[in-house]
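Below: the structure, in structure tokens.
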Amino acid sequence: MREIKPIKVMKDMKVSELVEDMRYVGFGARKIGEANDILKEMIKDKECTIFFGVAGAMIPGGMKEIIIDMLDEGMIDVFVTTGANLTHDLIEALGEKHYQLEESVENVDDIKLKDKKIDRIYNVLLKDEVYQTLEDFFEKIYPNLPRKMNIKEFLWEIGKNIKDKKSILRICYEKKIPIFCPGIADSGIGLMIWGRLVKEENSGEKLNVDVFDDLKEILDISWTCKKAGVIYVGGGLPKNFIQQAMQFSNKEGANYGIQITTDRPESGGSSGAPLTEGISWGKMQGKGKYVNVYCDATIALPLIYGAVKGVKC
Amino acid sequence: MREIKPIKVMKDMKVSELVEDMRYVGFGARKIGEANDILKEMIKDKECTIFFGVAGAMIPGGMKEIIIDMLDEGMIDVFVTTGANLTHDLIEALGEKHYQLEESVENVDDIKLKDKKIDRIYNVLLKDEVYQTLEDFFEKIYPNLPRKMNIKEFLWEIGKNIKDKKSILRICYEKKIPIFCPGIADSGIGLMIWGRLVKEENSGEKLNVDVFDDLKEILDISWTCKKAGVIYVGGGLPKNFIQQAMQFSNKEGANYGIQITTDRPESGGSSGAPLTEGISWGKMQGKGKYVNVYCDATIALPLIYGAVKGVKC
Amino acid sequence: MREIKPIKVMKDMKVSELVEDMRYVGFGARKIGEANDILKEMIKDKECTIFFGVAGAMIPGGMKEIIIDMLDEGMIDVFVTTGANLTHDLIEALGEKHYQLEESVENVDDIKLKDKKIDRIYNVLLKDEVYQTLEDFFEKIYPNLPRKMNIKEFLWEIGKNIKDKKSILRICYEKKIPIFCPGIADSGIGLMIWGRLVKEENSGEKLNVDVFDDLKEILDISWTCKKAGVIYVGGGLPKNFIQQAMQFSNKEGANYGIQITTDRPESGGSSGAPLTEGISWGKMQGKGKYVNVYCDATIALPLIYGAVKGVKC
Amino acid sequence: MREIKPIKVMKDMKVSELVEDMRYVGFGARKIGEANDILKEMIKDKECTIFFGVAGAMIPGGMKEIIIDMLDEGMIDVFVTTGANLTHDLIEALGEKHYQLEESVENVDDIKLKDKKIDRIYNVLLKDEVYQTLEDFFEKIYPNLPRKMNIKEFLWEIGKNIKDKKSILRICYEKKIPIFCPGIADSGIGLMIWGRLVKEENSGEKLNVDVFDDLKEILDISWTCKKAGVIYVGGGLPKNFIQQAMQFSNKEGANYGIQITTDRPESGGSSGAPLTEGISWGKMQGKGKYVNVYCDATIALPLIYGAVKGVKC
């Protein structure tokens, strides 16, 4: 048995040193340390294809640079996220901002915010006027969109029309990283398309985006890759979509897994289910390396990724 | 200020009596009582259109009869759920079962379950062979499906082909209840379609289900209804999809709201966000009646619904 | 394997019927059903001594009648709670009240409450003036208290001085139920004693309440009882105090266990630890019957107890 | 409004740099950043007396060095903790160890651990034989303990008998830091005293440790200090004991507050209550600076403390 070795904090300590020390303690810190080990191993393993699922309001929460960095460094082979995250990515790419709530989140007055036309996401705010900016963008690009696409193609098309380099949509398009978002209709982007579909109801050239078509691509990847590694920030649809690609492959599930969530397992939802539960389904290999980090992702992700940043893998 | 009046449990007490008493205490019990009040008020309000969003593994968890009952009684005007719930509904409709885990869930051995070809959802099990039953069903119905549909039409088509009366898919079809599932690709049903799409790749008759098209219908309803009531079991895509229909209506959000979740607000995801946060967005009216019930839905839903069952509204 | 049988809610359904049905489903509802079974079995087992630990603000939350009922019916052999619960019990016994917060708890203004001299416990309130009522009570009884006691004797002395029948302190005194509260100094009652100790600093007759002395009694009971059943509402000191009495007995831990908590296991605290963890320590028997109910106790306790109320055991 | 500025992780980034960046994002990370600011301000404020409450199994979890460092640097004026933490501190001071669980905590077998005489605390283990080491220690020191003490004096006496410099009990004794543990009976140390009390039942020299006596000291400090800062790791008795000292002072509560917990507010317990709730009670000043960090303390504490380590305050 390996002894617990208490963390000793040092002046000018590096993030990588702190995370290294976390490996030798207990509870959540140990899991941060393990997640870091598994991430390094995933990256070093040249046979491993990495699937990254991101749910939760990670762009408003300030994780955009880290996600872009991971995509930009070639660490991620398949990216799955929610429509909301892509909408917020687009909002920032179009020059709009997110802001910090000033007052205490426990005593906030949402009616006052409503009066000021400000929308709240826990302790983050955005101006309601961003929807006009989205409108203007889609007004411009919509006529030139191909009329028949699957969701991945649709998202790459949006990315193609974004100029800001600091955008998830743009970098996925540029680097040809497969990006999946099965629930895209459930987002501000979806609403913008609705606004246009209504108008062209009787036109012969209705936009048609197929909901099932790009399943072929993610399942092709999960079948043909030699090994799979999964990273889940939050649960929801991004996690589940990757999980089912793991289940329906020929390799008894992922070889590596990292899950960061604050959801609980007891209510039976997929978001809170530990990766171990996936072993029974063949989503995760029984002998795979995995860790369930129960932590706010805005805290855990910078630590886990921060400790591999710049490390030769 | 209204005094706390401790709950006095009586022999042969009815569920409706217990829930009534819960109104006069504190913490979570009070919220069960309030949710019951709000549900009654929603039902009685003839001008109110009720949107019901259900996430989490509610069919495996044993909530199917209650959901069907709510749909069957005409209580629900719009139903939104996850692909997983519909897959499990279909699995049961085709004669397959879910089972209880026998051993302690805290000391379960997932590798052993894997060897027995049994899949685990917390303390609920199902046999891996159910996927063959799904295959057989889709093998049979697929050729006769219309080639061009939106998601709601697709789900009604499945419902039309189900014989078992105890099915959500069937009852929504029969009663023409609009059923939305934007993330349908992320489910066993999605996988069945993938299996068929792969084979007909080069055929001219490819199934095409549009991801955005039925947004028009839910937004039409949210625009034209006089008042709106929302009920969320879990968060995820079903909640968010209804929330955005509320935001993009002309009435400053829902008049009534009940949310049952175990997710937390602090990590910023939509699933854990209290309904109050929606006020800032115009998803919930500032003067609306709403309650956030933080509780396992398999406990809260039978209480809240049980106390209105049979009540003349 | 036992099939999941969905709960069917009926008009005029009894609490006991609903809880019975919960046994056949999954997730949290199943655990309510199991807890009810285990409670019935504990009560019927004539060899079983029942230890009841109650943490959390259960008196403000409206659980007083249920706890008193359980004590009054002879169901509980040993009672352990926090100083806070006993203080709130005493406050109500002296005629003061707890109240419901009127506004939404998510948008409350604590500074305004402070100005009104009202103290908040989530969605429950009490007037700050109750402390004066406590002062008056202790002013009166203090001079006649024995000068040397252990904590249990001290609590029985307070109970002896309470007239209101609806008091935990009084009923424990009357029925001679051993009541333990190792952290009594950490409460309003503790503060009242501090106020008096300060004044009598130099008197020869200082009150002296020993912190360790009544450990002998609870350990005597855990050693001499044939079987043990434990019921934990919340965790904290009440749970841990009973757990250590189980560990240091001669019977490898409790035979029956029910735990109701919303705390999480991952951060390593005793409050969120599942009962299964106690098996390793000898606090719970490996073959014991136990269940971890993750639920707000104001919801779970009325259900679990409600379903045994009046049942011949 | 201040813009969200996404965290940019850099190679060789320091912990203090990461925590600084966290200030400009949302959700939990922002709170880590704010906690760090508040901690710095507390330390710099020469008029501020700092109260540190530590619950949860922080010694097994590997936080011992950090806590000792904070005590050693003179940062902490009053220390309050659980009996369990002090017992584990003593266990390590006597040369025993804590260990890491090797297998997945989600699929652990507690019966097997029991057979190996190993006790489990989530993913941390200790050998059951440590209790013999405790016995031997108390066997030796017990006869020479003063017969009449309050709890603080009792803990200092234990500290005096510890040789290992890496011990919380020893450093509090050495540096004369007031250490409070109202629930000391609820711990392995309590059990050791029980073992001895039983034997000396009829001796005239029974050890007598008063439960209320040291309340005078903590309340003296809270009355006489100019300003107060509170730091809570976990809730439980340590938090509540400090909170009541704040409430019963003459300054309307603490000026600064940091709380790290994973407990939830909705079930009404003190452990999960946000610091804001304390404003209504006068435990926290309405204009005070405070932050509620919802995070595993083994992750949050090294970050928050790590970022001030070595900083000239």
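Chains: A, B, C and D, in written order; residue numbering restarts at 1 for each.
In this text, contacts are C-beta pairs under 8 Å (C-beta built on N, C-alpha and C of every residue); 3 or more make two chains touch, one makes a residue touch a chain.
Since this is a predicted model, take the numbers as computed values, not measurements.
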| item | value |
| --- | --- |
| Same vs different contact residues, chain B with chain D, by half of numbers used | same |
| Rigid-body rotation angle, chain B and chain A, from Cα fit (steps of 5°) | 180 |
| Chain whose Cα centroid lies at the greatest distance from that of chain D | B |
| Whole-Å separation of chain centres (CA-atom averages), chain C against chain D | 24 |
| Geometric centre distance via CA averages, chain D-chain B, whole Å | 43 |
| Whole-Å gap separating chain B and chain C, where each centre is the average of the chain's CA atoms | 36 |
| Junction residues of chain A, two or more chains touched | 26-28, 57, 60-61, 106-107, 110-111, 121-124, 262, 264, 266-268, 276-277, 294, 296-298 |
| Touching residues (chain side chain B, partner chain D) in the complex | 26-28, 106-111, 264, 266-268, 294 |
| Touching residues (chain side chain D, partner chain C) in the complex | 55-57, 60-61, 84, 110-111, 113-114, 118-124, 128, 151, 182-188, 190-191, 193-194, 197-198, 207-216, 219, 234, 236-237, 240-241, 244, 248, 262-273, 276-282, 286, 296-298 |
| Chain D to chain A touching residues, read off their complex | 1-16, 18, 21-22, 24-30, 32, 57, 60-66, 69, 97-100, 102, 104, 106-107, 121-125, 262, 274, 276-277, 290, 292, 294-296, 298-300, 302-303, 305-306, 309-310 |
